[in-house]
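The structures considered in this document are given below.
Each of the next two complexes has subunit A plus one other chain: subunit B in the first, subunit C in the second.
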Partner chain A sequence: MENEAKLARRLRRERVRQMRAYLWLAPMLLLLLVFVLRPVIEVFRVAFSTVTAANLVRQFGTLDNFRYLFAQKEFPRVMTNTVIWTVAIVALSVLLSLIAALVLNETFKGRAFHRTVLLLPWATSLLVTSAAWKYILDYHYGALNALLLRLGLIKSSINFLGSAGSAFTWMIVVGIIVTIPFMTFTLLSGLQSISHDFYEAAVIDGASFWDKLFRITLPLLRPAINVTIVLNVIYVFNSFAIINTITNGAPANKTHTITTYLYTLAFQKQKYGASAALSLVSFVVLAVFAVLYMRTQMKEDNA
Partner chain B sequence: MKHSKGYRLGRVVLYLFAWLMSLFILYPYLVMLLNSFKDLDTMFRIPGTLLPEIWHWENYVNIWKDVPLLTYFRNSAVVAVFGTLLCIVCAIPGGYALARMQFPGKKTLMSLVVMTQMFSPVVMMVGIYRVMSAYGLVNSLTGIVLLVAAFNQAFAVWLLQGTFATISHELEEAARIDGCSRLSAMIRIVLPLAAPGIVTAMTFVFISGWNEYMLSLILIGDANLRTINLGIRAFFGYTGTEWWYVFGASILSTLPILAFFGILQRHLTGGLTAGGVKG
Partner chain C sequence: MKKLIALLLAAAMILAAFAGCSAKKEGTNDGTQQTADPDAVQPGTADTSEEDVVINFLGAMYSDKTEPYLREVVAAFEKENPHIKVNLEIVGWDNITTRAAALVGAGQAPDIYNANSAAEYVPDGLLYNIKDIVSPELLADFYPSFIENNRDASDGEAYAVPYLASVRALYCNEKIFEEVGIEAPPKTWDEVEDVCRRIYEFYDGDVYPWGIDASTTEGDTMIAYYGWSNGGGYVDDDYNWILDCPENIEGLEWALQLYRNGWTNPNPTIETRDDMQKLVAENKLAMLVTACFFPALYPDTGLMIGEIPYNDKNVSSSSTLGVQDGLMIFNGSAKGGEDTPAKKAAITKFLDFFFQPEYYTQFMINEGLLPATQSGAQRLAELEPDQSAYIDILGGARFEANNLVEWRDVMNALIANQQLMFEGSMTAQEALEASQQATPAH
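And now, the complex of A and B:
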């Protein structure tokens, strides 16, 4: 009896001692709670409230914001654009980055130069890169038209940003170009961690280049590719500066994704409630992605 | 040694791909650089021009006189420097506790840290704007500093937690037996060993602070508080874009980070890739 009481007391004391860890965690927790979690909660509150144009919350417990949002004629387009944007950029970037990583993993003349070039985009904000591309793609005095005309590839200037389809495609190209560097570095580090022994054994067995690629490199690179895909789906989904700078949805709100449309709703139309409702929609989309991803992961692990 | 036809074809493809990729990445920089030396007439000629007819080096002198570029740079530096310091000061004890201590709720906390990484500030801009209004931090660089520190916190904590976990306990325990407190053992023994991880984390927070755009776009209205990115954005007026300032300012805005990179390049790729794969 006495022993048990002693043990319980000791356990409690240990608990109290352990709670001291929270002193160490306090600064981090404070930042996260006050500046990350509180805005998340606020988004929920605003989404279900009546909000005036002056951003005052009037009444909680309404679905009006969602009704307004779903009634917008551009809404379906915003959603499909977001899916196309994310899938196209991530899929094509993974493919190209994989090739780039394989290339940069070889020894060849100029490799150091190409690796340095790949670092350059980190030094530049997405706003600056997007501004440059906005000028490059300009119909009248744009650099790309000037280049193609000079090379004789086209007879007259092309209006790259004139139609929604063409503008969106070009912004996807810009998205791919800014996504490749980070992806390539992640995949390159994955490649470098594959032991040479595998390849030496394969060569002895008379394996061809393709055998090595599909039987050794890609399977062993799988974890790195998975991490890259997850991270970049989140990054690309949240991408803002490219579309906000180059078209900001033009023409006729046809080139928005969720993020740029969020901004337009809140800060150009003063529809804060609808914007918060769209934030919740985007949380749901990301959650669905997370569930789908975990499912496929589990299936793979079982297989 | 004679190479097979397949091998030689492979090499050609390899060179071609490497150069094409570099060309696509470098192209916008080349356009910015060339255009920053043009005069207005050449810049807006239809159809467009590739090279400046006359190289106007004085563009880079005039921009400092015409535009409050120095203020923009100062504001960006405030955001990047103080955002980084605040972020790292909070992340070091947090990362240390997660790596070294056992406490109730640890698992929940770990997943919370990972989850906050999924919440980009972009998708909650209305919430951020309203909360910052309530705190009285709209139109204030302090507000941006706090947000930069907060939204990079999860990443920094995660990276540092990984770094601390790789450092052996023994030295630290020896120091504590010698009468060091936990805090001073951490500062004297663990931090110096964790320096590479700390520098990597700080570099990435610094870059994200310097390049920060969306938060200041929604929170800063005062022209005196514009960061370099907001300054560049302001050249996109209603009547047309003042491209001649955009290019000069863009090139100048990348220089501090490039200089930073020059010093840290080797170190950075190592640290980043380690974090990237573990992440």
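And now, the complex of A and C:
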């Protein structure tokens, strides 16, 4: 009898405790519902509906938006651009950030200063950075052309943004520059969590610099690298400001990625349905990537 | 105790959040109910001057002067009509279509919306026919050609109140022309080629003779500048698209040749009209076809003004491109409830007030734009005789076919194909044929 009463009381207490957990979570859940889930549902609805030029959603249950999207001449180019954009920026940034992080992990005079300087570009608004680069690369007034001319390296101005290939390459360079700071810091914090004991033991065993790098640092840094790659793939894939500011897809829609193209579709071409369809495509691509990547990486971790 | 306080705080936060949501909902409900409730006003019998009415006006920013001046006009109107409040929202041209689309999509369309095409809102029946909302006196004051140009290609009715217009002309940098020794703006294509060659050789390529904007900003005007001037155009008299007609092909080929000769700005696909106006002002570009408000933007630049050059082998005179903006008046179906008679009357009243020459002409002078009313033009002729010369040009101006619902889609295709042409991956003929294929049959 007494036990039962005790049990009941404990259960009740447990239930109150759970209720309290939900209560604490409630504001967060509410925000998610209103600002994440609802728009997502709305995008699904619009993507499969007829949308008029006046932005009115009419008939649900059509694939017209997807048909229109896949019929666009520039669509294949947009997809390959997105892959090149994401892979090039993330891969090169990881490489450069790793080098920067390894350097900044050493003790040398002025390290604090260099760490701060490295963080500065990240503290600047992406829009401002992009606009600055637009003018650095400008044909008529660009700082880069002025510099090269003054150094005598070129005879006449170079049209950096004139052709799609050159413009896209330069935007990737800008993308790398803005990605490096945060990545370096993520990797740096990963490096700092590696115990010195490993290195001391390795030195006693006569390990070279490269042995230490490939057999201690990189394997132990892998979790940090993985996290950076996943986060940055998503972040770079969705990157908008650089391309929108510098070329906005010009010339002839050849420098768009999915994100800037779907913005153009919706807000310059008034194709809201096709734009919603494209954002579903981009969502699926990212989700597949995230799942595949995590799977293979986790498998390796377990092996 | 601490836990209890924390719990209470959390509960309060959640309640506040809920309250926030519901309060907002109630607010909007009230708003729509008021306009939708048939008992709120007895149609026809209400004293329309006594009911409080709010008019939402979404306007485009033509320059820095736009917003302050329109606020003045609105204040003067509200002073005369204490029961009417005008909510003025001025948005830049880059964002105004987005803003309008968002508002319309949410069923909260503005009452008055200033844009350059009504066609996309006509099929959904969201706009007032202007004869149902504009007073007969004002309607009679508009230039008839302006209303004609606004007629929708589908049903022949006008859904946009003529707001203002601009015309395009050839602007030549006086300093460059003087240095090279050219007396007057070129009139024909042959003369353009000759002038281009002379300028190019004089400056050894450091000054661009001719400006071309094939970017998304102005790419649609290429057919007006190089097609009309050669006897081609966008559509025929029955609104059938004729983008790939031989005259247009020849016209674009001519423009392309100027570019290939190195006689134009280096990046026509990304350099916009605004970029090039700046180049003209900096004596880096000699000739540019652009809008009549250009001189007002750079008052210190010496400019010679000419007509858009034409190919005298095929046509006998120049065709001027006119660009007209309109005010769309959204009806109840875009706002979640029919307008009350008082509201309709207030809109009519506001339009009457706004288009009085006293305010309207000053607005046009501020912006360097041309009035759509005869009374406004008359006053402009008194105040600014120079500017009114454009009004005569406007009389003979031709307009783009943006009263077709597919206009925007076709232009997007045309601009993209033209850019491929400048890039070298398409010929003029291929670009125009591909664009013609993007047009629906009529």
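Everything that follows uses one rule, which is that the second predicted complex is superposed on the first by the 281 of 303 C-alpha atoms of A that agree within 3 Å, B and C clash if a C-alpha of one lies under 4 Å from a C-alpha of the other, contacts with A are read in each partner's own complex, and residues count from 1 in each chain.
Following the convention adopted for this analysis, contacts are C-beta pairs under 8 Å (C-beta built on N, C-alpha and C of every residue); 3 or more make two chains touch, one makes a residue touch a chain.
Remember, predicted model here, so these are calculated numbers, not experimental data.
**Student:** When the two structures are overlaid on chain A, which partner does A:250 contact: first (subunit B), second (subunit C), both, or neither?
**Tutor:** It touches subunit C, and subunit B stays clear.
**Student:** Please indicate which partner A:163 is in contact with in the superposed arrangement: first for subunit B, second for subunit C, both, or neither.
**Tutor:** Only subunit C is touched by A:163; subunit B is not.
**Student:** Which partner, subunit B or subunit C, touches the larger number of subunit A residues?
**Tutor:** B
**Student:** Touch check for A:24: first (subunit B), second (subunit C), both, or neither?
**Tutor:** Both: A:24 reaches subunit B and subunit C.
**Student:** A:119 in the overlay: touching subunit B, subunit C, both, or neither? Say first, second, both or neither.
**Tutor:** Touch status of A:119: first partner only.
**Student:** Just to be sure I read the superposition right, which of the two partners does A:140 touch: subunit B = first, subunit C = second, or both, or neither?
**Tutor:** both
**Student:** Would you check which partner chain A:269 touches, where first means subunit B only, second means subunit C only, and both and neither mean what they say?
**Tutor:** Touch partner of A:269: subunit C, not subunit B.
**Student:** Looking at the overlay, does A:232 come into contact with subunit B only (first), subunit C only (second), both, or neither?
**Tutor:** A:232 contacts neither subunit B nor subunit C.
**Student:** Go through the superposed model and pick first if A:54 touches only subunit B, second if only subunit C, both, or neither.
**Tutor:** second
**Student:** Please write out, lowest number first, the residues of subunit A touched by both subunit B and subunit C across the two complexes.
**Tutor:** Correct list for subunit A: 20, 24, 26-27, 30, 34, 55, 140, 267, 272.
**Student:** Touching subunit A in the complex: which residues of subunit B?
**Tutor:** 6, 10-11, 14-15, 17-19, 21-22, 24-29, 31-32, 35, 43-50, 86-87, 89-91, 93-94, 96-98, 101-104, 106, 109, 112-113, 116-120, 122-131, 133, 146-147, 149-151, 153-154, 157, 207, 210-214, 218, 229, 232-233, 236, 241, 243, 246-247, 250, 253-254, 257-258, 260-261, 265, 268-269, 272-274, 276-277, 279
**Student:** Which of the residues in subunit A come into contact with subunit B in the complex?
**Tutor:** Checking each residue of subunit A against subunit B gives 15, 18-22, 24-32, 34-43, 46, 55, 96, 99-100, 103-104, 106, 108, 110-111, 113-129, 131-136, 138, 140-143, 145-147, 149-150, 157, 177, 180-181, 185-186, 188-190, 192-193, 209, 223-224, 227, 231, 234-235, 238, 240-241, 245, 258-259, 262-263, 266-267, 272, 275-276, 279, 282-283, 286, 290.
**Student:** Using the touch definition up top, name the residues of subunit A that touch subunit C in the complex.
**Tutor:** 20, 23-24, 26-27, 30, 34, 52-57, 73-74, 139-140, 159, 161-164, 247-248, 250-253, 267-270, 272
**Student:** Under the definition above, what is the set of subunit C residues touching subunit A in their complex?
**Tutor:** Against subunit A, subunit C makes touches at 7, 10-11, 13-14, 17, 21, 97-98, 101-102, 104-105, 119-121, 123-124, 126, 215-216, 266-267, 269-270, 275, 279, 284, 334, 405, 408-409, 412, 416-417, 419-420, 422-423.
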